[in-house]
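All chains are identified by letter, namely A, B and C, in their written order; residue positions are counted from 1 within each chain.
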Amino acid sequence: MGFLGPNGAGKTTTLKMLSGLIHPTAGRVEVAGHVPYRRQGSFLRSISLVMGQKQQLIWDLPPLDSLRVNAAVYGLDDARAKRRITELAEMLELGDELSRPVRKLSLGERMKAELLAALLHRPSVLFLDEPTLGLDVNAQARVRDFLADINRRTGTTVLLTSHYMGDITALCPRVLLIHQGHLFHDGPLDELTERLAPCREVRLELKDPAPAEAFAGYGAVESCQGHQVRLLIPRDRLTGAVARLLADFAVVDLEVSEPPVEELIGRLFRQGVVA
Amino acid sequence: MAKSLATFRRYRRTLARFWATSLTAELEYQANFLIELLSVGGNLAGSVFLLSLFFGHGRSLGGWSWEQALVVLGVYTLLDGLTSTVLQPNLSTIVTHVRTGTLDFVLLKPIDSQFWLSARTFSPWGLPGVVMGLGLMAVAAFRAGARPGPQALVQVAVLLIASAVILYSLWFVLAATSIWFVKVWNATEVLRSALVAGRYPVAAYPAGLRTFFTLVLPVAFLTTVPAEAILGTGSSQWLLASVVVAVVSLALSRWFWGFALRFYTSASS
Amino acid sequence: MSRSPLVHGLRVARALFTSQYALMLEYRAEIALWALSGVLPLIMLGVWSGSGAGADAGLTPLQLARYFLAAFVVRQFTIVWVIQAFEEDNLQGRLSPYLLQPLPPLWRYLAAHLAEQVTRLPFVVVILALVALVLPGTLWWPSPLSFLLAVVATHLVFLLRFLIQSLITMACFWSERAAALERLQMIPYLFLSGLVAPLETFPEGMRALAFATPFPWMIWFPARLLGGGQVDVAAGFGALLAWIALLLPLTLLLWKAGIRRYSAMGA
């Protein structure tokens, strides 16, 4: 299950409420049969939290030491802990990284070790806050594969927040879109993309600057500053529009990319769906 | 019953793991030991010299003789060593946890957060202070003519534990205020500098300060009362008062932590 | 367009100081607490006033009180924290950009210290006022001459301590352990400078030993000046200037060597 939304929408706040770190001011929360903010022992043993920006592993020691502490805290005996570590290390492709101090690991390796630490006690619910933030494309793909694997193999409920579309498309059959603290969409991902209308962002670098009005007929103008213009063009009209742009203007550089989700959503609430 | 036993065992095992990992990290810096030894030793030597300045010409300090005052200094050194071993390394991290947000991880572990924050680290470099303090206490008490029997020794142990608990509570409550005021992280420094008053028996101070050091900042309970017990000049009232203050301050620290956490979990991310 | 180096220097100094002062104002709360944690002389006053040992050394209770209050003030304005600031800058990677600027980093730290002292001043006044409430009659107005001498002496002491700590900071370039020197030198400072006991109360031998070190001149001398006690002014200033003359070239030399080593190590 994915929580999607721009920065400040309330994704992290929702996650913190579900994991029990924050009291809701109104309404009811129930997770895995417990009220989260009571933070009862049985609840805490069945959940786990991973935050992309912060880490729970001890900085100066190898992950194995932090894992031993966690094993004691969660009441796992040494034999079971060892089995679990081997199992997860294999899935995550971690070997002697576990014996090197955390500060000497790369960001991707650190995130993998964090995931291992989070799953050591077999939680039934895994909360992830921006897990792929700052990772390179390869590392992101590996984290996504791992999460999908875990969910499939063990049935662990995975809730993650992200502002990367890629995380969501790869992992989540069910998506919740949050905007300004409100739930905008709860359902399959294809429904959402259909709703937001498929379109592409076209970035132009012009030889001579042109006013924004000149581009009105090609697509929605996102920004027009001097030589740089950004347009949103629906995919079915993309090739035609690009051809016309190249013909009508002296274009130095042109780039077509997927618009950031924030842009789409922001657009959505400012102007309605892009036709 | 079985559940409590299992919980106790889990906490004991966790504590062992806490301190094992902590020692592994610290022992990498073995040169620290010599420096700590020199530091504590030098401090103690200087303190003994300073104390001697008050005892020229057959004078006493607030009615305490030279050997008796040394016992107080010994208790102080013991507690200072305890501070360096357990209190300072652990409680100074609270403000870091609050600032970086890693307190969230501590709160989501199925173990008491106050326990985690208070016992997570163990710095062996404070141990020389503990040992020297105990040594000074024993030698000075002997020289002062005290020969405590087994019952008295038990009382002394109880009082030292009470002092440690009171000291812990003071530190913890102060460190916990960083949930509200991250900027005043060095408040514990003020506490540490005020507690040096414990080097001297509380009777050495003028009346006003004496009251202050008994009722407001309980320095008297920390060093003077245990010293009196060792020297055999203590009374059962002070023993009782000390234990009561210790229990109350521990309960207060617990309550205060719950209060601080309620505030923390009501704030937004 | 030529500009006299003095004018340029003054402009830089003013800019540096005002920016550092603005920064220090942000840390008012912490600075207030640091001021409060300097209460050691006041606690020692409590002990000394309860004991008769002060009288043995020829000091009346009033003289004792004034001495320790003066020591408290002198301590507040001679605190040096170069080593912590430097280590922090090194850790955060701010050192390299500083070295690229045409301003020797030592000036930066000096400005920071002066700004911090100015920010600390109101809190010191508050603490003195509180003491005056508790012990009426102890506060005094020093004579203009002694006040002036005390201020000059305090500044010289600050400079001396700044040099000593900068020296130790530079030694860190060669050895990790050098930071321990700072902790270790605090011990003789604490006991020999007069912070916890006026030197008059020391036995003869210890007093002679103390005066062979720079420490008594750091607290006892300015405190006696400020508190209105009998003290050999010429000897005091002579000693301070001699120690500064010894350490200044050493510090500058080590600083240059240290920076060279830092750059060579590949920052």
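Here is the rule we go by: a contact is a pair of C-beta atoms (placed from the backbone, for glycine too) under 8 Å apart; a residue touches a chain by one contact, two chains touch by 3 or more.
None of the values given here were measured: they were computed from a predicted structure.
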Checklist entry - If you average all the Cα positions, which chain's own average lands nearest? => result B
Checklist outcome for this item: Computed over C-alpha atoms, the centroid farthest from that of chain C is that of chain A
Checklist outcome for this item: CA centroids of chain B and chain C: separation to the nearest Å works out as 30
Checklist entry - Distance from the CA centroid of chain A to that of chain B, rounded to the nearest Å? => result 46
Checklist entry - If you average the Cα atoms of chain A and of chain C to get two centres, how far apart are those centres in Å? => result 52
Checklist entry - Along chain B, where are the residues that touch chain C in the complex? => result 31, 35, 38-39, 42-43, 46, 49-50, 53-57, 59, 61-62, 181, 183-187, 189-190, 192-194, 196-197, 200, 204-206, 208-209
Next on the checklist: For the complex, give me every residue of chain B touching chain A.
Outcome noted: 6, 10, 13-14, 16-18, 20-21, 24-25, 100-102, 104-105, 107-111, 262, 265-269
Checklist entry - In their complex, what parts of chain C are in touch with chain B? => result 27, 29-30, 33-34, 36-40, 43, 46-47, 49-53, 56, 134, 177, 180, 183-184, 187-188, 190-191, 196-197, 201-202, 206
Next on the checklist: Give the list of chain A residues in touch with chain B in this complex.
Outcome noted: 12-13, 16, 19-23, 37, 39, 41, 44-45, 47-49, 51, 53-56, 58, 60-61, 65-66, 68-75
